[in-house]
Amino acid sequence: MSINNVTINAPATESAHGPAPRRYVRKTQMRIVLHQLSKNKGAMVGLFIILAIVLVAIFADVLFDYDRDVVGIHISQKLLRPSWAHPFGTDDLGRDIFIRVLYGSRYSVSVGVVATIIGLGIGVVLGAIAGYYCGLAEDIIMRFNDILSAVPSILMGIVIVSAMGATTFNLMLAIGITSVPQFVRITRASVLTVRNQEYIEALHAAGISEARIIAFHVLPNCLSPIIVQATLRIASAIIAASSLSFLGLGVPAPAPEWGSMLSLGRQYVRTASYLTIFPGLAILVTVLAFNLLGDGLRDAIDPKLKK
Amino acid sequence: METMKSLHDPVLEVEDLSVQFVTEDETVNAVNHISFKLRKGRTLGFVGETGAGKTTTALALLRLVPNPGKVESKRIEVCGREVSAMTARQLEKYRGDDIAMIFQDPMTALNPVFTVGQQIADSILLHQDVTYGEAMKKAEEMLELVGIPASRQAEYPHQFSGGMKQRVVIAIALACNPEVMIADEPTTALDVTIQAQVLNLMKKLRDDRRMSMIMITHNLGIIADICDEVAVMYAGRIVETGTLVEVFNHTKHPYTEGLFNSLPNILNRTAKLKPIPGLMPDPSNLPVGCAFAPRCRYAGPDCTCAQPKAHWFSDTHTVACAAYERVGFTIDRPEKK
Amino acid sequence: MLRYAMKRLLLMIPVIIGVSFLIFFIMDLAPGDIVDLKLAEEGLTYEQTEQLREAYGLTGSVFTRYFSYMLNFLKGDLGTSNVSGRPVLDSFLEKMPATIVLACASIFVSIIISIPLGIYAAIKRGTFADNASMVLSFIGLSIPNFWLGLMLIIVVALNVSWLPTGGFTKGIASVILPAITVGTGLTATLARTTRSSMLDVLSQDYLRTERAKGHKEFKVIMKYALRNALIPIITIAGGQFAVTLGGAVLTETVFSWPGVGRLIVDAVNSRDVPMVVGCIILKSITIGIVVLIVDLLYAVIDPRIKAQYAKRKRKTA
């Protein structure tokens, strides 16, 4: 019965995944997803905010002179309340908070994205191996995953950054590593379901190599949950980055990272609350945007999940 | 004399019932202006394809049509009371006590986190003035009645097979001895051998308790086995209704004929099956005229301009088909004695 | 069931060994140790530093040091702090009550808000109330909680005199702000989980059966639907509770809360390796046990899961 099924299904499914028709299928799928996404108001707002932030981050150097506007000290103008000249006020060294917040988008967005890419890269490879090959490899990877996820990620981040030194790259690395377990789990779970589909069995029967099957037939069909997870992960990576910087374990001073600006503002909570209000709002808006987009993507990619 | 009267009084009377599902994109006309009666102790069968509106009709009787469904009717009277005028309180009393429903899929109809005993006793506690202990005892009796050892009352649905679950569903429906029982494809999800067991059980319980029953199915065999009267539904309308003999042996509607022709005949296996061509029309976009006309081989220009009127062939046998306006029209299916 | 729990506890042992080695190893990567810090402060001679290293157990390779550490660990000795000289376990237990109080208070706050909110949003799906509560929960999800803490201090504590802005000295009053801070993210997550889980259950056929029996709609939802929707809800709630028990590092920092999170951060900053490793091991054990308890709770709620546990027991037996 099952042999029968395979032979019946194989030509149909194989052609759907063969080179030429596959592109066609994917394109339509993508169009459906984009169409669904464009109907989701929240996701569109999120996307718009993200684009704006990315633009600001890219052109920050053009708009401002780093040495003068961002880190330059102007003691005469210290701790000014928000005004037309300084919309968000100035800090204890007379630096303009508005400019620093805009410039800070560079750190938050790049740390969020790079950290997620690191976590995704390691996590997907390990997860795919664990999901596809049972036995020893899976056991080792999953046990390692258990160990990594047994420590709360913020503690893990603190330990890694403080051991390796507070630099921007170490911050990315630390946050990336703490997000590995989730990617491993998600990739493994979807690889497991795809692996047991009959068309994979059919590919084996057709004598196609394992590596090829994983790379061209298994992983592409597991992409949706991974993409969704990655988008949501950027949001939490941004929070994690600012948290570590807040503790003094992130982007080193005097760079205008939002978390470290908050840490500075904390000393002036009673007298100059605007030092804490605006960098925090920036984090909130950025994270919110990624969360909205990620959630919209999930609904668009998997309508079953939309309840 | 008094008992005779109550025997012929309908326990359930529906007049001009319609159900629509209105969403932003479309309006689905699931049930359109149907009327029917059910007399005490009798069984009425609803037969038709999937999507003909049978289940929606049943849910409307319990006022359980899910959102965004809108129910309209001149009259839905059960045991002499108007259902559409009931308050929430009265409805709670009415459901389960006066009317009960056996749902299609026993696999999903039982709550997975309560024991079957609890689920039966629940209904009894709700409608009868008994203690928890008494209700549990009654639940055990109900289980025995449907052929499950009372000792299994403490088990959960996942520990039962499909047929056993359907028996539990029946026990829940019968727990409070309702006047009317609606069975919505009670055997569709079951194996053939189990189907026969469950049907026999339902027949026996119906006869013992002199209940009235509505049997919803797409299986003509079940109708023949269990029903006294038949209503054939197509695209949300009743196209033919009559006693079992009238509909089966003196078939008048082309759609009913089509249903019979789709059945394989064991006596003549070389005969070709004659399926009805085409598909049922989209219920969100029904034609102005007879909904069956596009698939009907007798259809003429008279069929597509207006809804067909009802033709009475006896006190009980009506057919909604415009072809009978033509003089001397008959369908091909021969009448049986 | 008991067997299952025992098995799970045994499975925690290799994880704990792995965690301790991982942390030990990472801490070893750090340039400079406690002696270097002292060297900078006090200006010690070379001989003195070597003696100190010996005393702190900082000589030899990372493996030999780890091995002797674990040997002591098995004897129940988690070592002593390099900074204060006190046993690690004592410091940990001293800080634990504050952390437990904060974790319980925040989970309590978030459960009583999020579950009714999630249920309401699910029932009123698609209405303004649903959308509004989901937008709110999105914001709650996206707020960095240390910033929320700072905002609460600015807005509330500086205006309401009886609400302290830090420390755990004024009883219930001092828990309020930290609990809201930790609880906001929790509430948002839980409300969303409750909503989607309820929506899942609300479309199930068995609720129609319950309604057909004649149950009140309120009872159908609060008893028959909620019980089925609970599993994802307690999974998330349990996980978040565990994480909070693991140290709400930032909230504890913002509110100068004398909990374990800050203990660990301080230890990390002063390169107090025994303290860091010891505390993280103890944290991981705590979290592991909470997660296990949550898993066992499933069995109480859902008989199908209970049956699975029992089946596993038979397999192992």
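Which chain is which? They are A, B and C, in the order written, and residues in each are numbered from 1.
Just so it is clear, a residue touches a chain if its C-beta (ideal position, glycine included) is under 8 Å from a C-beta of that chain, and two chains touch if they have at least 3 such contacts.
Everything numeric in this text was worked out from a predicted model, so none of it was measured.
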item: Overall pattern in which the protein chains touch one another (line/ring/star/complete/other); value: line
item: Chain of greatest Cα-centre distance to subunit A; value: B
item: Intercentroid distance (Cα basis), subunit C paired with subunit A, Å; value: 23
item: Between subunit B and subunit A, distance of the C-alpha-averaged centres to the nearest whole Å; value: 54
item: Subunit B-subunit C separation of Cα centroids, rounded to whole Å; value: 54
item: Subunit C residues within the subunit B interface of the complex; value: 204-217, 224, 227-228, 301-304, 307
item: Of all residues in subunit B, those that touch subunit C in their complex; value: 62, 64, 88, 91-97, 100-101, 103, 105, 108-115, 119, 122-123, 126-127, 156, 158-159, 169, 172-173
item: Partner subunit C, residues of subunit A touching it in the complex; value: 42, 143-144, 146-148, 150-152, 154-155, 158-160, 162-165, 235, 239, 242-243, 246-247, 259, 262, 265-266, 269-270, 273, 276-277, 279-280, 283-284, 287-288, 291-292, 295, 307
item: Touching residues on subunit C, where the partner in the complex is subunit A; value: 14-16, 18-19, 22-23, 26-31, 125, 135, 138-139, 141-144, 146-147, 150-151, 153-154, 158, 195-196, 199-200, 243, 246-247, 249-250, 253-254, 261, 264-265, 268-269, 276, 280, 283-284, 287-288
